[in-house]
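When the chains are written out, they are named A, B, C, D and E in that same order, and each has its own residue count from 1.
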Amino acid sequence: MAALVRLQNVTKQYRTPNGTVTAVDAVDLDVEQGEILGVIGYSGAGKSTLVRLINALEKPTDGTVHVGNDELTALPERRVRAVRREIGMIFQQFNLFNSRTVAGNVAYPLKLAGVGQPERDQRVARLLDFVGLLEKAHSFPDQLSGGQKQRVGIARALATDPKLLLADEATSALDPETTADVLALLKRVNRELGITIVVITHEMDVIRTIADRVAVMDNGRIVELGSVYDVFSAPSTPTVARFVATVLHDRPSPETLSRLRAAHPGRLVTVKVLDQKGFTGLLSRVFAEHHVENQIVYGGISELQERSIGALTYELTGPQASVDGALAALTAQGIDYAEERVEDNA
Amino acid sequence: MNEFISDLPTFYQSIWQTLVIVFVSLIFSGVLGLLIGIVLYGTRPGNLIENRVAYAITNVVVNIVRPVPFIIFVSAIVPLTIRVMGTFIGVRGAVFAISLGAAFAVARIVEQNLVGVDPGVIEAARAMGAGPMRIIFTVLIPEGLGPLILGYTFVFVGLVDMSAQAGAIGGGGLGNFALTYGVQRYNYPAIYITVAVIIVLVQLGQFFGNYLSRKAMRH
Amino acid sequence: NGSKGAGASGAKTVSIGTSDASDPTWTIYKKLAKEKYNVDIKLVNFSDYSQPNPALAQNQIDLNEFQHIEFLAVYNVTNHQDIQPIGATVTVPLPLYSLKYKSVADLPAGAKVAIPNDQVNQARGLLVLQSAGLVTLKNGGTAFSTVNDITSKKVTIETLDAAQTAPALKNGAVDASIINNNYAVLAKLPTSDVIAKDDPSSEAAQNYVNFFAARKADIHNKLYLELAALYHNPAVEAAALKESGGTAVFSKLTPAQLQAQLKKTEADARAAGIGK
Amino acid sequence: MAALVRLQNVTKQYRTPNGTVTAVDAVDLDVEQGEILGVIGYSGAGKSTLVRLINALEKPTDGTVHVGNDELTALPERRVRAVRREIGMIFQQFNLFNSRTVAGNVAYPLKLAGVGQPERDQRVARLLDFVGLLEKAHSFPDQLSGGQKQRVGIARALATDPKLLLADEATSALDPETTADVLALLKRVNRELGITIVVITHEMDVIRTIADRVAVMDNGRIVELGSVYDVFSAPSTPTVARFVATVLHDRPSPETLSRLRAAHPGRLVTVKVLDQKGFTGLLSRVFAEHHVENQIVYGGISELQERSIGALTYELTGPQASVDGALAALTAQGIDYAEERVEDNA
Amino acid sequence: MNEFISDLPTFYQSIWQTLVIVFVSLIFSGVLGLLIGIVLYGTRPGNLIENRVAYAITNVVVNIVRPVPFIIFVSAIVPLTIRVMGTFIGVRGAVFAISLGAAFAVARIVEQNLVGVDPGVIEAARAMGAGPMRIIFTVLIPEGLGPLILGYTFVFVGLVDMSAQAGAIGGGGLGNFALTYGVQRYNYPAIYITVAVIIVLVQLGQFFGNYLSRKAMRH
């Protein structure tokens, strides 16, 4: 796979009366042709700025941006425009044309691309049907709900079958079912048409469902980049770990823990699930061998990139020695676990 | 009143002249002013076709014409008026001078109204690869249309006032009629009737402008 | 209205409304008024003729000097005022100029002729054109005729702001132009280009004699009468003659004669239906 | 508990050139004093319109709205304003004052409430500190990221310690950690100050974490209303069931299922977790008694209103008769399960 | 040139008169126009203090003054001018008439610029329990300030032009100086110099207005 987007040492600073803000800080990033790259990070980490640099809505303070074979940062505006026509963008704030109807908004990029009337109408109708807004075709944006606006933005960005799609919180205003539909569509256009997608999100379901790789931003920098499974299963920096933890809910929160404690007098141990055939069976066997009664009280197993991931909190009941023996056996088998004490997660 | 009756043909002619002056100048100054206004807006620092030099020059030029007394402006452009219109007097001459003069006012109105358009939508159009001209005509103007129409209505009313000045070069019009046949002769009925016609004309225009702008903004 | 207000030097201030404050004649006039009567003349220049009379009537100024009998008669009649002349100044002719043609007879049919668009000059201009045989006016024409009263014409009439008749002629926009004397002088048009004019010394021209005007209550005000008479001081007359390009005819009519003439013209105006 | 907000037969219609849109349709709803009511529903269901009716930003086409003892729909505008001062609102689209700084935005409602300069400054600083924007105090909204704007909106709505807080997608643009912080704060103001909160969201974590009751809207109507646990554990209408399903991820999706199938030759059975002490221990025992090997391959147990909820997908291996016997035993014990066949979830 | 030199005192006085007329009228018409403009905006159907009758009346009244020739307007308000200003002629009279006349133009400019303000922020203020007046002065005007300042700059330039009309009632000013001492006397240096001063004055005003509006919009 070749890189479709290549950022080299890209920095973007904003000068404000209260000092300089470094929104993106010396970022190197390749987005491979055909992949779906998820970008996560705290609010204000620089995610939106990063994608705006990709389609040259912002000029970097330093560094170069390549899209395909074009160095965007060196191209004259006219040539940049040609590149942008190949890039769809979904805006965090929607940025719909208030003077155009829903259909008019979606038709606009098609007009730019010179698509003729009959085909345009057809495509607009198909897209609106997909995002469930066919009956709002002649409404104006100020007559739409938040999620409806966002869906118009999605349809508009997809209208011209772009080579690259930049989606800035594309599903943040959508209910789970609509989100699932949109994600399925993104996955489909990615698979079937080979569209490369950069998707900013804070909804981990989005990452889990469609992303191939994930980049974690913190304070303008990309602090972690790798396959979704790798980053989620073995976060390498505390920031990432904290971020991932809030998502997977794999360890009980302090409040949950204190309630579990109250209800379950036995020892509480959270075991990290490995993508390994017969994993929970193995656990059951280990506990049975050591005559320890076990009971799952919290946690879950889910899928990430077609592999299992998760953690289960067991209540282990039995003589202290037996439990310790069982835990020692787990360690011996290379199984990761953590004993839950109330203070632990405080 | 009898005096006014004898002036009736002139009165009707004045109505006609006002209509011609106002509408023809509205069209010419509207188009020309729109273009200049777009240059003013577009070349502003930070905007679509940012160009400090062009901005500074346009800014200065636009302000040169407006404050200059009409008669001086008319005299200054006599050669141009004669070349373009064949004469510098009468309705033809007046339309030219007024159009040119008003264009610069229109430009400011246009600039003002475009400045208020949400930068987000311009960005969206840029992201789609639209060029500056395209953005101006298919995004900026439609998005700013409501206030823009009110701006043009403002200009329309201003043109009715300006049309009175056409009298100085034989252009006539209602305002001039009110002055010549009314004020100078202390003919109050003539003043009242003429002013009433002017006001009705203006109200109709404003009413229409308000209607259009409400339609454009849908509330 | 600082009419009787005393200045720092104990001098009186008299404000005079006019429409040609830029005329250098006034500079001399003011100097003499100060020397002879210790009066500070404050000129208030109105660019619109409709304003000096109301300003005088409403005590905003003390005197005005910009009009002739005809003009004042119309004002008084239509506004039920009684402003009175208190000292004649000059009578100026109203000439028809042409740069292309040497005489009225040379003017081709349909030639463009500009006349001032204000009422008084328009009527007077039309009378000049009628006496030159270029138009005929309804009922032989009056001091109140307008272009609507033209019954037949040999030429095309354009009405312009009085100040624009000279430029229009010079720019070639018209073939001939009725040009007020002051504008003709300022435009440096030689008297040789005059192809027709009214006769300032004629009886009819008496209506076009200019004067100082005061409110009725002030017609016997000694100072005002002296100030009006000051216009005929040789130094002032010399300057005025120069300014008029030698065409001004100084009027010797007395205030009483002027007032009588005004009364007669007012009656004529009422008879003509003015002010109804 | 008394109702703080009472909607009676409230309908809101919008007249558009393309016909009338019924955004809210004959809704009866009481919001109890001191509760946190979650409102969920598909995009365009009428959630935003509903809360805008509560503070009279919209006049209902029909029906009455009471807040406290005031019938808002009958009060003159002046009196309505007094009621509004007691209601904080977080807007879906933020609606920040672009001409004011971040601090100025938060100070605005305090000025309205007549809070004096020194106290105002203090409170603004405290609020901004809480939402992590103290250093952006002098920035203007257009210099903020999406999430930062949302946080300003939150701080602004909380500034005057309102009696009632209307939060329209208050955390939709926030990363999970910031979301957790905001939710903790909302919970705290609810507990400590007794502030009643109506929170619209499509993030089920929000509902799970803070809501006492949940209202489900569909097509302008409230189709379900009850305690969060009840609605989630036993949805009564298909719409709600579908909605809840997309949230809990308790049954594997068709894609997941086909992968599970491939990896796990045994029979796959999804068991609904009951909030019952020793539940998974019970399951283990039943399977052991019937000599069925069991292995958890998917699912999870989480907490909802301090009770366990979830589902676990087991792979059961053993002779057909044994497995059938085990399943029969489950049924006998009143345990709900469903056998997963690929077609089932299609 | 010599002639112009002898007119110098009058020239200086005209500069002063222009400054007085323009700045005093800018302040008066600015404040009055702001208030009327707010009524126009606020009473619009669907807006803060919606009131169809007040809207219709204001709309008509605002359009009555603007298109009426200045002289007629001045004459019509003489009694009012005298009561308020003590005189209806000269700079004092002119300032009053111009302020009043311009106020209605300002009102339209204000209306236009407020119409473009995002309804979302008004809603936010309403939700906080702010009253209409409060919203207008603490939300609407600050939010629309950038374009509004450009609007006032537009009015400023217009006032420089209008100040020439003050000559009709003995008010003077630069525009009138250019006409009386320049155009009518064919004194080209006087025209050029006077027009140059007018233009410089206007450019300074525009420059300042642009600067302020950029500050208000922060770009």
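As a working rule, a contact is a pair of C-beta atoms (placed from the backbone, for glycine too) under 8 Å apart; a residue touches a chain by one contact, two chains touch by 3 or more.
Because the structure is a prediction, the values reported are computed rather than measured.
The chains that touch subunit D as well as subunit E do not exist here; no chain meets both.
Taking the mean of C-alpha positions as each chain's centre, the chain lying farthest from the centre of subunit A is C.
Note: centroid distance subunit C to subunit E, computed from Cα atoms, is 35 Å. Averaged Cα coordinates give subunit A a centre that lies 54 Å from the centre of subunit B. If each chain is reduced to the centroid of its CA atoms, subunit A and subunit C end up 88 Å from each other.
Residues of subunit C in contact with at least two other chains: 50, 163.
Taken residue by residue, subunit D touches two or more other chains at 93, 142, whereas all remaining positions touch fewer. Multi-chain contact residues of subunit E, defined as those touching 2 or more other chains: 71, 75, 118, 176, 179, 183. Every pair of chains in contact is given here: A-B, A-D, B-C, B-E, C-E, D-E.
Residues 45-46, 59-60, 63-64, 66-69, 71-72, 75, 105, 108-109, 111-113, 115-118, 144, 146-147, 150-151, 153-154, 157-158, 160-161, 164, 175-176, 178-179, 182-183, 191, 195, 198-199, 201-203, 206, 210, 213-214, 217, 219 of subunit B are the ones touching subunit E in the complex.
Residues 6-7, 71, 75, 78, 82, 87-90, 167-170, 172, 176, 179-181, 183-186 of subunit E touch subunit C in their complex. Residue ranges of subunit C in contact with subunit B, taken from their complex: 49-50, 74-75, 78-79, 114, 117-120, 146-149, 158-161, 163-164, 167-168, 171, 173-174, 273-276.
The touching residues of subunit E, when paired with subunit D in their complex, are 118, 120-121, 123-131, 134, 138-139, 142-143, 145, 216, 218. Residue ranges of subunit D in contact with subunit E, taken from their complex: 55, 57, 78, 81-87, 89, 91, 93, 95-100, 108-109, 111-112, 140, 142.
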